[in-house]
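There are two complexes below, and they share chain A, which is joined by chain B in the first and by chain C in the second.
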Partner chain A sequence: MKKFRFKGGIESRKNRWGWVFIFPSLVFFSFFSFYPILNALYTSLFKKKLLSLKPPVFIELDNYIYLLRSPDFWNSIRATMVFTLGTFIPMVIFSLIFAQFIVSRKRFRKFFQMAYYSPAVLSSVVVAAIWLLIFDPRGLSNQLVNFIMNTPGVDHKWLANASMVQISTMLVYFWKYVGYFTIIFIVGLTSIPKSIYEAARIDGVNAWTGFWYITLPLLKPTTILVSIMAMLQCLKTFSTQYLFTQGGAPIEPINVVTLNLYNTAIRDHRIGLASAMSIILFCIMLFFTWLQFKTARSDETSY
Partner chain B sequence: MKKCIMVLLVSLLLIPSAISAQAAVELTYWTHEDPNRTEIENRYIGEFEKANPGVVIKRVTNPSKKMAERILTAFAANQGPDIFNLQIEDEYAYIINQRLAPVDPKAAGYDSMKSIYNAYIPKVLDPVTYEGSLYGLPLELTNWCVYVNDRIFKSAGLDPSRDYPKTWEDMVAVSEKIAIRQGEIIQRRGFDFRYPYYLVSMVPMVEQFGGKLISDDGKQAIVNDQAWIKFLTFMQAWGPNGKNLGSPTYTNARKLFNKDNNDMAMCLSGLYQAGRIRADNSEFYNSGEWRVIPFPKFKDAVSDSACAYYGHYLVVNAQKPKKNQAMAWKFIGYMLRHSEEYLSKVGLIQPTVTLMESATFKGMPYSDVFKKDMERGHVVYYGENSAKIQEHIRGAVESVMLSGVSPEEALKNLKRKAQETLEE
Partner chain C sequence: MPRYLKRVHKRTVRSVAVNTFVWVFLVITAMYILAPLVFMFTASVMPAGDIMKMPYRWIPKGFYWQNYWQGIRGNNGSFIYLRNILNSLIVAATVTVTTVFLSAVTGYGLAKFHFKGRHIAFMMILATMMIPFEVIMIPLYLIITKIGIQNSYAGLIAPFLVTAFGIFLMRQYYITFPDEILDAARIDGASEPEIFRRIILPNSVPALATLAVLTFKGQWDNLLWPLLVAQSEEMKTIPLYIVRFTAEKHTDEGAMMAVAAIASIPILILFFRLSRYFISGAVVFSARKG
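On to the complex of A and B.
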């Protein structure tokens, strides 16, 4: 029986097996991510209606020019940025605090992990539906806030007021995803060797100084990962805003790019214009990811 | 020899399946969820399949809110169902983009096109008539009137038979009397609108003041500024920053009405609502403590417009083979021959002349109120851009009700956006 042999050295052999293992995910990525991106880029150069059987008309960059001149699109950019900044920064900070809190527990650690993580397993649609009931003027949110603040009968207009509805969407998203990022931070925190803390304690370092000068620097790769993931997640937000507007909330304050894109494609059937929006959103996401990598510089930490 | 026998056997086995594959027509029928209708339509499918051997009909139900999106996605991929129904505002784009097959009168059980038009009450087939061809038959035609809970009226010291609101000004006054608030939070509402449906129920309110959505020549959007400002001022006063009588962010009125939980005295709905009250709360339905009253009008109205009526039309996919199209129209014709059962079991009006004159229709509670209001109204605005225009009206109403924008400013924005959409 003839044995199959690799040509070249060990390194080359390893590389070939590497290619074999990543091949399925490469195929998957090409079909479901890379091809749609290229297709959207191509479609964005045409005037194309979803239902029309007529061939699409090539209009060069007109869709992009239209969008850059459209006040509605700029409002969507504003809504997306406000939501992203208002959600991802607190999410990164609080998930780190929660992770530190859980790691420092000697008892009930598993319970807290489960409690924080459980909202992340719910579908976004279910989450938005639950929160719609909570934010109903007669719902729990008004009752709770009025009880705490001793302001009976005040309607805080969680879904009605332009500022409040933005805060409401941030709250929902924060509640849903903070547990997910907490778990990632817990993994990062537990991977820091205890011996470093022990050595520092012998040198007289207290808990607070240890957190600032040992934990935070050594947690840098995890922090970068979490902040990029959280930011991208926030830029892509859709279902909360969609369901809130279906539930009667005003659209303008929370008309994020993805919601505008959806309405342009599905309600107005303008798939060329919607594709242009998706490409702009893609570029924004790409830019911020690059910026975070650039500002973080080195993401490698050695213990 | 063995090989020959095998080939022969395989051929013999394949022949019947090839024949049945040739004879079979499989139709897919997508429609929205409605348990009462599902029951009778599944029966029609069984009967139709029995009478037409080789025909298989697959009925797929979708949530009402998801229907338009799912059909659109399927058609965008050229995978639309053989038969479907949508509201005309969503369906019209399929007609003008030539995605639908014209009605086959013979297959649908009519002698000619003229006999179809004669079978229906005037104008109801206009929305599905395009460049001389007919593209759909109505599954239901709906208009809304106001449902009243007598118990709540009585508990507020009102006599529902005498004090029911005839005008929008009455509606405000009656709602003020009925409303129970805990501070700013309304615990019991007198009446509230059906907010997502601005074209159906709010545009007629503008028309009562003499305004129009689109000019007669189709070139101008938002006609008669004064009428629109009066309407927006009314909505501003209705909302939480005005008299605080209702808001789009409260649970929708129609849902609460059936429960009779002393939290919703009046709501807008169609004839079908009676069947839903019966299904949700038979005690309330049988108590007789509810009634239906006409759509109000403003005291200084210049036009007597009631709620616009909208239709769900059954249509056939033009991309399917001709034999599927013919069979689809035959099946639609078969279903629609049961209009009295649709009315009595589901509460849907299929507006044929025969049905509107039938004892079944006249025997339905408050059918006379709906019929008279239908005569006062007109079909809802439909066009390729109707959904977007509705979104602009929504934006204007929400901005005056919730965001403190003045009616003048809201109108200015609405005019700009609606005109831009019309010109697109």
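On to the complex of A and C.
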């Protein structure tokens, strides 16, 4: 009897250690994740200035109404959407193509994996600095395009023209992250059992049909995962646009929500308005994640 | 030629064509990926006049080290870049240590202890993954200024002590760890912290290394947060220096690329030495079950 009680004591004492182990992280998240998000929600209902001694004024939803009526904010939404769609769709498609091509090779697999992945390890600021020079009127991009299209001496205004600067930011982002997603697809592809393809080959299925009717359906979970991750990353883009505008590019076409948020809070000191903006950004991201999970839920894959 | 052989011939011609196309495609896209990197390194050892010349000379004529000197010295001769590099190292190293340690501790606690409320705790931690840093950076900034640690190492480090991603990664790793070994240690009289230190930590080096590499890389790249809290030049990190240096009037292209190259060399060395940890870090999510 005594022994039994003792054993129960060990079990509950052991489980108390579980709390000890997770406690520091829970405290951290309460202060640095949950409190800030609630605080952002709360602050978004106030007219509040950074560094101002005046007490914040409660203005209900005026910040949100102001934003929804502000052409500047709508322009940011537009810029973010254009950037996200223009970047993440090509990124998903091309990383899948790269992965399929690399996996089909017998040699140089490792080399290509490393080569495609290498830009992802550089810092975004370094990346933006390199491309700032490449997009210079005398830079490599003009040289290459003029060489291909045989139009010597034409300046394509990569950083000056409103639509070109949007394409430029997309090109940079695509360049940096396509390898990252290629790696994820490679793992997805190599986890599909070879026997399925062998069986299909015996049945006379060619490579293209095999890819379309076997690989793609089996790869669906990976594809969904990659698209969610790529999309969320694109919605949060900041560094490229920031450095490009610092380098002299026009801000309006690439004034994405995060950039606008930063400027509203730090340059204009309008904390309440910036908080409302961040809550809207949060909702947009939640919505898209939910949407993609919903389309994904339909069926599970098993080999 | 017999008919069946003709068919085989036609098929091989086609597969050779496809094969060639794939190779050409891969090589051209690899050039698109690698060219900017090569450009950074070659331009960093060329005088500015040569960089912007058409056509670009991919093999530099000599080694124009003055770019590196100017990059480190800065346009005003303050050598502040060295301090900024040191700051980046301090911040990235500290964050890496705390993140790896706290993630391991928490992940272990969630994976191996069946206490009440652990599911709720795990869900709460996972939920923070849905909160992007960009959304909470303003309140975080207000907290940090209220505590009075803006413009200090503590302020640069505080919001990144641990990540939900790290905890998730370590929990998945520990959940398959055999309970028998832990129980055997308990019977031998080992205390819980001892078990963690002597059994759990040494047996999870690959996962810890993956997390360490990813965390270090993330901090090395961090721009937004230092932009908010590092106000003085002495407290700035590498990305902030590059932003400022790039925007300065007197900066020439060669020095700009030298500064960028200096910032990239440590992380590239890390990447080539530890590429498998980078790669396993990229696929953490895709390898999960269900």
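One rule holds for everything that comes next: the second predicted complex is superposed on the first by the 267 of 303 C-alpha atoms of A that agree within 3 Å, B and C clash if a C-alpha of one lies under 4 Å from a C-alpha of the other, contacts with A are read in each partner's own complex, and residues count from 1 in each chain.
Methods note: a contact is a pair of C-beta atoms (placed from the backbone, for glycine too) under 8 Å apart; a residue touches a chain by one contact, two chains touch by 3 or more.
Predicted model only: the values in this text are computed from it and were never measured.
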Check whether A:Met285 is in contact with chain B, with chain C, with both or with neither, and answer first, second, both or neither. second
Considering only touches as defined above, state whether A:Glu252 meets chain B (first), chain C (second), both or neither. first
Specify the partner with more touching residues on chain A, choosing between chain B and chain C. C
Is A:Arg105 touching anything from chain B or chain C once the two structures are fitted on A? First, second, both or neither. second
Answer with first, second, both or neither: which of chain B and chain C does A:Arg138 touch in the superposed model? both
Looking at A:Val27 after the superposition, I want to know if it touches chain B, chain C, both of them or none. Which is it: first, second, both, neither? neither
In the superposed arrangement, does A:Ile93 touch chain B (first), chain C (second), both or neither? neither
Does chain B (first) or chain C (second) touch A:Ile266, or do both, or does neither? both
Once chain A of both complexes is superposed, is A:Ala199 in touch with chain B (first), chain C (second), both, or neither? neither
Which parts of chain A are touched by chain B and by chain C alike? 136, 138, 246-247, 266, 271
Listed in rising order, the residues of chain A that touch chain B in the complex are 49-53, 135-138, 142, 152-155, 157-162, 246-252, 263, 266-269, 271
In the complex, chain C touches chain A at residues 18, 22, 25-26, 29-30, 32-37, 39-40, 43, 51-56, 102-103, 105-106, 108-110, 112-116, 118, 121, 124-125, 128, 130-143, 158-159, 161-162, 164, 167, 186, 192, 196, 217, 220-221, 223-224, 227-228, 238-239, 242-243, 246-247, 253, 256-257, 259-260, 263-264, 267-268, 270-272, 275, 278-279, 282-283, 285-287
Mind listing the chain A positions that touch chain C in their complex? 10, 14-22, 24-26, 28-29, 31-37, 39-40, 43, 98, 101-102, 104-105, 112-119, 121-127, 129-134, 136, 138-140, 143, 175, 178-180, 183-184, 187-188, 207, 221-222, 225, 229, 232, 236, 238-239, 242-243, 246-247, 258, 261-262, 265-266, 271, 274-275, 278-279, 281-282, 285-286, 289
Residue ranges of chain B touching chain A (in the complex, touch as defined): 65, 68-69, 72-73, 75-76, 93-94, 97-99, 181-187, 195-196, 240, 247-252, 384-385, 387-388, 391, 394-395, 398-399, 402-403
